[in-house]
Amino acid sequence: MPYVNIRITKEGATSEQKARLIAGVTELLKDILGKNPQTTFVIIDEVDTDNWGIGGETVTVRRQKR
Amino acid sequence: MPYVNIRITKEGATSEQKARLIAGVTELLKDILGKNPQTTFVIIDEVDTDNWGIGGETVTVRRQKR
Amino acid sequence: MPYVNIRITKEGATSEQKARLIAGVTELLKDILGKNPQTTFVIIDEVDTDNWGIGGETVTVRRQKR
Amino acid sequence: MPYVNIRITKEGATSEQKARLIAGVTELLKDILGKNPQTTFVIIDEVDTDNWGIGGETVTVRRQKR
Amino acid sequence: MPYVNIRITKEGATSEQKARLIAGVTELLKDILGKNPQTTFVIIDEVDTDNWGIGGETVTVRRQKR
Amino acid sequence: MPYVNIRITKEGATSEQKARLIAGVTELLKDILGKNPQTTFVIIDEVDTDNWGIGGETVTVRRQKR
């Protein structure tokens, strides 16, 4: 009965991409650890780029520099 | 000083229901473990059904099948 | 299908107390929001008092002051 | 490669304040633990006051009482 | 720069299985969302069966019933 | 009433370093956002290097390569 939380920046992931991610992670847990998909939760959080920092600066600023 | 995080799908929980949940969990922690309500945090996250997976599929898809 | 994470300091909660907490929170979610207990997860994290801070100091230090 | 998650109530923190928080926490981790800023993540979650409880009541209610 | 947290019950996952899980999830994020593996974190938490509840009871109790 | 969760690899952070981190983050939240230290929680999780992945491999493996 695994719980998986995936946090990514909110930059346009589609419903279809999120569905594929959920299916893929659930399958990995079944294949590698024998976990039952019916009690596997996968929750995706999409985080505003102003609220995600790496290297001491926000992703918003980082994207502008590139 | 407990910290409680409740994650549910975003499907119309009202402010009143959320308030009752917060009151109830805080009381449980006081009754069972003697925790001080004044330093008990309860945070509710409401997650889009596209972003919550169970059984390898999103709750959005699961709801449509029923 | 709620996910609940309860974080408390590691100060001797018994298996029986943790079981009561799990039962109580699961019941609250059923009573208030109609959530199915069979897909309700409750995970308790017990955190070392050296690793929990409040008021800018660790709980270890705070306990010694009392 | 630390991961830091800061959860605050959604009450008007500006992009500039969030950027300062990210910079400050990243610097602390470098200064105190020698952590590399390039692999330090800081994620800020802003939570609706209806969804944050303390003392058994929501922050929304608490703010009204003051 | 995704952050993934996988929580499973502590029931003997090996280092090799955990390494495969980390590799697999990182690859999924690259394949589906184009995320850079060098800034993809995957953290696995192994939780004591006394501390994980489902269906209102601990996994410890649930395992004994089977 | 902020909640901060800092996750680092378990590689020997001392109680004194953790106390400084807690004090520093609490002060930042007071200085930048005016948050009350008495209701600021900081929780540090120290994660086994086998359980932390970056770049698709565990930190254990990564440390060996260097």
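Order as written gives the chain letters A, B, C, D, E and F; numbering starts at 1 within each chain.
Just so we're on the same page, a contact is a pair of C-beta atoms (placed from the backbone, for glycine too) under 8 Å apart; a residue touches a chain by one contact, two chains touch by 3 or more.
Computed from a prediction, not measured in an experiment: that's the story for all the values here.
A comparison of the B-D and D-F interfaces places the larger number of contacting C-beta pairs at D-F. Remark: rotation between chain C and chain F after Cα superposition is 120° (nearest 5).
When the contact pairs of C-F are matched by residue number against D-E, D-F or C-E, more than half turn up again in C-E.
One simple way to say how far apart two chains are is to compare their mean CA positions; for chain E and chain F this gives 20 Å. With centres defined as mean CA coordinates, chain C is found 13 Å away from chain B. Note on chain placement: the centre of chain A and the centre of chain C lie 25 Å apart, centres being C-alpha means.
Taken residue by residue, chain C touches two or more other chains at 1, 3, 7, 25, 39, 41, 43, 52, 54, whereas all remaining positions touch fewer.
Pairwise, the chains that touch each other are A-B, A-C, A-D, A-E, B-C, B-D, B-F, C-E, C-F, D-E, D-F, E-F.
Looking at the complex, you find that chain B touches chain F at residues 1, 3, 39, 41, 43. Those residues of chain D that touch chain B in the complex are listed here as 7, 47, 50-58, 60-61. Residues of chain B touching chain D in their complex: 15, 18-19, 22-23, 25-27, 37-46. Of all residues in chain D, those touching chain F in their complex are 1-9, 13, 17, 20-21, 24-25, 28-29, 32-33, 35, 39, 52, 54, 59.
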